[in-house]
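Note that subunit A is present in both complexes that follow, paired respectively with subunit B and with subunit C.
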Partner chain A sequence: MTTERCSPNWVLLCLMSAGLLAWLTLEAVSIAPNRLVAGTPHRAHEVHGWWAALLAGLPMLGVMVLAWRPGTRRLQAALALVVGLLVAMPLWLATAVMALADPDIPQARLGIGASLWLLLFLWLLVLIELRTRLNLSRAFGWLLLLPVVFAWWLSLSFWLEPLALYREYQGRSDQFASAIAYHLTLVGAAVGASLLLGIVLALCMRRYAGMRKAGFGLLNVVQTIPSLALFGLLLAPLAWLSARFDWLASMGVSGIGWAPAWLALVGYSLLPMVRNTYVALEGVAPAVIESARGMGMSRRQTFLQVRLPLALPVVLEGVRITTVQAIGLTAVAALIGAGGLGTFIFQGLGQAAMDLVLLGALPIIGLALVADALLGALAERLRHGGTP
Partner chain B sequence: MNESDTLPVPRGHASRGIALWRHWSVPLIWLALLLALTFGMSQLEALLRLIEPDTRQVLYQRTSLATLLGQHVFVVAVASVLAIVLGVGGAIAVTRPAGRDFLPLVAQVASIGQTFPPVAVLALAVPALGFGTLPIIVALLLYGLLPIVRNTLAGLSGIDPGVHEAARGMGMTRGQILRQVELPLAAPVIFAGIRTSVTINIATAAIGATVGASNLGDPIISGIVNGNTAYIVQGALLIGLLAITVDSTFERLLWRPMTG
Partner chain C sequence: MIELFDVTKRFGSETAVDGISLRVEKGEFCALVGTSGCGKSTTLRMINRLIEHSEGEIHLDGQPVRSFNEELLRRRIGYVIQNTGLFPHWTVARNIGLVPRLLKWPRGKIQARTDELLGLLGLPREEFADKYPHQLSGGQAQRVGVARALAADPEILLMDEPFGALDPITRQTLQRELQDLQARLNKTVVFVTHDMDEALALADRLVVMHQGRIVQQGRPIDLLHDPVDAFVESLLGGMDRGLKEASLTCVSERMAPFGPRLLASERIPYRAPLSQALSVMLWHRVERLTVVDDEDIPIGELSLRRLLGAKPS
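Here is the complex of A and B:
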């Protein structure tokens, strides 16, 4: 075995010492008899005692030791340790439930405390750092999270019923499913419409220079207007329209609800979509077009078989940007009654029920990350893969 | 940088004034409109009544619009200044030899973090910090850091290594290279990041009205809750104007005459 002489990885050392400190000093869980009362906080060593807390800290210490002389092998071992830690967290929570939950209070709720949130964040950073240092692909990084997701699923379905977040979910599981479906439908409808409209606009802009300038100027202004303001500004005219025209009202168009949300989402999505489509179509090398024409392709064929396929990855990049953006903006649209996951956030904020806020915010972040990863991977594939 | 570098200025004071006016007219007009509406909204009562004919109260009067505008600008300014200091400082730190270990992680986090919707970040700040102005400033700061860090990194790493070597060959110290070569060359990209960050912050701060900050989002939220469209229009107009004023100011700041 070769001894690798390299300097310590200070990133891992810093992250893990912060993690250890948080684990030993901050509150790990809190337990409350019901939804209304604030929970009593417990630090890690107050749950199972000092020895157990120190023992649980050992893997973190292990990562720090491995980071001192970070060869490839040692970093791989560290990666395994971190994935193990992430898997262990829900299992540890399950043991905390058993230790702390009072069987006489069936409605007791276990809240996740600051130290566990911080650890989750720090460990994910460690995962990203290790993935970068080991040159692992993004897809492999996602694969590493599979056992973690499985561990959470397992714990939630068997032992973690008192988890406050889970209790909030159980209280409204139907609502939750329909909120996600509605959220995605609204995002899909907006992105789809802006894709079609964006392509048409980009094609027009290629033909008419005047339209290009005015179009980009206008879309830029729309993009600048804050979401809450744009929803508000659309509210008055839409309410007026639906009061005047019965067929609009019968379609469900009104000042609040999906109509202003959808319009605003399309407005926001157009700028990135048009810009990317325009740049993509313009970006195809003239020599490629010329050789296609030289091969006897008609104008139409050149466009459909050469220019469009070559432009597709950049267009898809536009779809990725607008989808991620729309997932976030739809959450704001819940304020004007558009529904979706944002409803939970604003309901939770209104009732000062933080777990309900989390029930809305965490899936939104998850959806944004997944959409970003999937569409990014698709664009990457189209770029390298054998498209005609 | 002195004005005559960026403006196509002919000689003489009067024409210089005209050129300055031409350069800044767009943001100034937006600013004038913003201030006129803030202080003179009551003049528009008749128009607002058209929107809400059945409601007794059409002017938002719980707090003066000027106060709300001031608080909005204050929160965004505090968060943005902190984000600029920390973001540019942090990005410089991780591109120096001493901090280079942290560069890959910081670059990754800056790009992954931008996938997080600002509303979600704001919502997560509340359980951690409670209601009020502080969580909003922290959320805006954290979120606003990302575009600044990302653009500063891009600007600094986009500099031709030859330029570095030439500067070192001239006997410049590291500090001199940073101040006189790297930062000026990266400045346009850094400014673009700051512009993105401030634009997002103005929008997110407005949503902060739901977590107990008082700013221009207030009339909108209160209008939604009470079903008063006139309130919503007042808040929305002012926030929109504020955003456009700030954005067009940035646009003018970044404007280069060499485009022609």
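Here is the complex of A and C:
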């Protein structure tokens, strides 16, 4: 194996030494008697003692050693170690609960501290680095996360009841499910509308050069308006419209709520959507179009059978960008009463309850990642066999 | 049969093709040659109406091309372009079956025709039918391009620098294959190229274009012997014309029966062009070659004197 002689993988070394440092110096967990009182922070060695903390640091050290001479086998071993670490984290939290929680205070809450958040982040980066180095498929990367998800599910259902994040969830499990559904509906409606509108606009722009300049100019301007300002700008005209037309009001259109949020999301989504669709349609090789016409395909056949299918992967790229962007923006839309996961974030900010903020923020990150992965995989599939 | 009567094409104020008249007989292989921008591609594309001519008339078997529906017209005419224009998202088989599908042939007939064409162009069906264009080499892709153009068995084939993007060796192979193909299929071919050797090797009739006009047309050998002006002469190779002419003549046309002398040590196939025989003589510093048949059996000899032959009049 020629890779045996290659130079150290500095990415892994840096990430892991940062992780080790965080593990030994930053607070790992905090414990609070109830929701209102700030918790007492505990560093890793304050939970189970120095020996246990150092022992837990060994796998990280192991990854660093393996990264020093990164052959394929060593990187595979490192991958196994990192997955193991990710699986171990919820289990370690469970032991921390047992060590720290006072059985006399049933309302005690365990907060996840800076070091664990940082470790989670760093380890995921390491996972990505290893996946790229080892040339593993996207699907396999997701498969690796299965045991991790399972470990969290197991710990949450048996031992991690005092976890503050979990307590916040338990208090709002109904709201949580409906918030996710609402969030996704809003994103879906906005992306769907902007896709339709985007295709129509891109087609018009291809036909009329004047419209192209004006259209992209306008969309660029919309893109530069801060999201909060755009929500605010839509407030007055929508309120006026719904006061003026009863049928709009009966649909639920008003200055606040889903209507301005949806309009703003569509506005933001249009630029990436139109640009990608336009570039995709224009980017089809002229020789291919020429031969389609030369073989006797009609304009309609050329568009539907040749130009559109060849443009589709890039159009889908636009859908991907737009969806990820809209999932994030919808969080802000909660401010104008649009609902969704953003509600938890702003409630949490108002009550200075960080765990409630996380209850809103973490699923948003999760949704964005999943949407990104799914749409990316779909685009890759469509590209398959097509253009190299 | 394709006829152009005084055809002109203007793009805005620019005249790309300026009143040309041309007649390509059925089964004739006609090469349009000239420098880039001389209007040869435009002329070709006016025949299948990818470009509409501004003035004059273009007839196909006596019917003006404008009297046809343009899509139906194009489905009757095979079209091959330089960058193949294969659809990257379709398999080879689907690409080849394009025009038959547009013509609504039954499925089984399309399949049979596709297989036949793959065989005709030396692309084994099992290996190539399900490949995508990006999995093919340049030569293979262009073979598929030719197969696609031939799919609905059109009488006319338009080829726009089909081998222009290929390396010299692949190009020569494909030229030879096209020659064989044409000998069998006898299509009416209009072939645009700026490669004079290619045009000389393939064409029955050479049409030299310059600045939108036809400067000279005729059999390749006639143009070589009697170029109308300095431009045509330089396009045909100037001082190299001797070699070009030699490349048009076969060894078998000049060979003699065995003389009283011993067999010459160097051999030349009877089908090789005279230019190649000359090259062998130059290389080995000999004045006599043994001519052999396909099985490498001596059938005659060729001396330098005979190779030079009578001076062309």
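The rule is simple: the second predicted complex is superposed on the first by the 381 of 388 C-alpha atoms of A that agree within 3 Å, B and C clash if a C-alpha of one lies under 4 Å from a C-alpha of the other, contacts with A are read in each partner's own complex, and residues count from 1 in each chain.
To be clear about the criterion, contacts are C-beta pairs under 8 Å (C-beta built on N, C-alpha and C of every residue); 3 or more make two chains touch, one makes a residue touch a chain.
This structure is a prediction, so every number in the text was calculated from the model and none was measured.
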Q: Check whether A:342 is in contact with subunit B, with subunit C, with both or with neither, and answer first, second, both or neither.
A: first
Q: Mind working out whether A:369 is in touch with subunit B, subunit C, both or neither, as first, second, both or neither?
A: first
Q: For A:354, select first, second, both or neither according to whether it touches subunit B, subunit C, the two together, or no partner.
A: first
Q | Partner chain in contact with A:297 - subunit B first, subunit C second, else both or neither | A | second
Q. Which holds for A:93: it touches subunit B only (first), subunit C only (second), both, or neither?
A. neither
Q: Quick one: name whichever of subunit B and subunit C touches more residues of subunit A.
A: B
Q | subunit A-touching residues of subunit C, taken from the complex the two chains share | A | 48, 50, 71-76, 79, 81-89, 91, 98-99, 102, 132, 134, 145, 148
Q: Write out the stretch or stretches of subunit B touching subunit A in their complex.
A: 51, 101-102, 104-105, 108-109, 112, 115-120, 123-124, 126-128, 131, 199, 202-203, 206-207, 210-211, 217, 220-221, 223-224, 229, 232-233, 235-237, 239-240, 243-244, 247
Q | subunit A - residues contacting subunit B, complex | A | 9-11, 114, 117, 125, 128-129, 132-133, 221, 224-233, 235-236, 239, 255-256, 324, 327-329, 331-332, 335-336, 342, 345-346, 348-349, 352, 354, 357-358, 360-362, 364-365, 368-369, 372
Q: Sort out for me which residues of subunit A touch subunit C in the complex.
A: 285, 287-288, 290-298, 301, 306, 309-310, 385-388
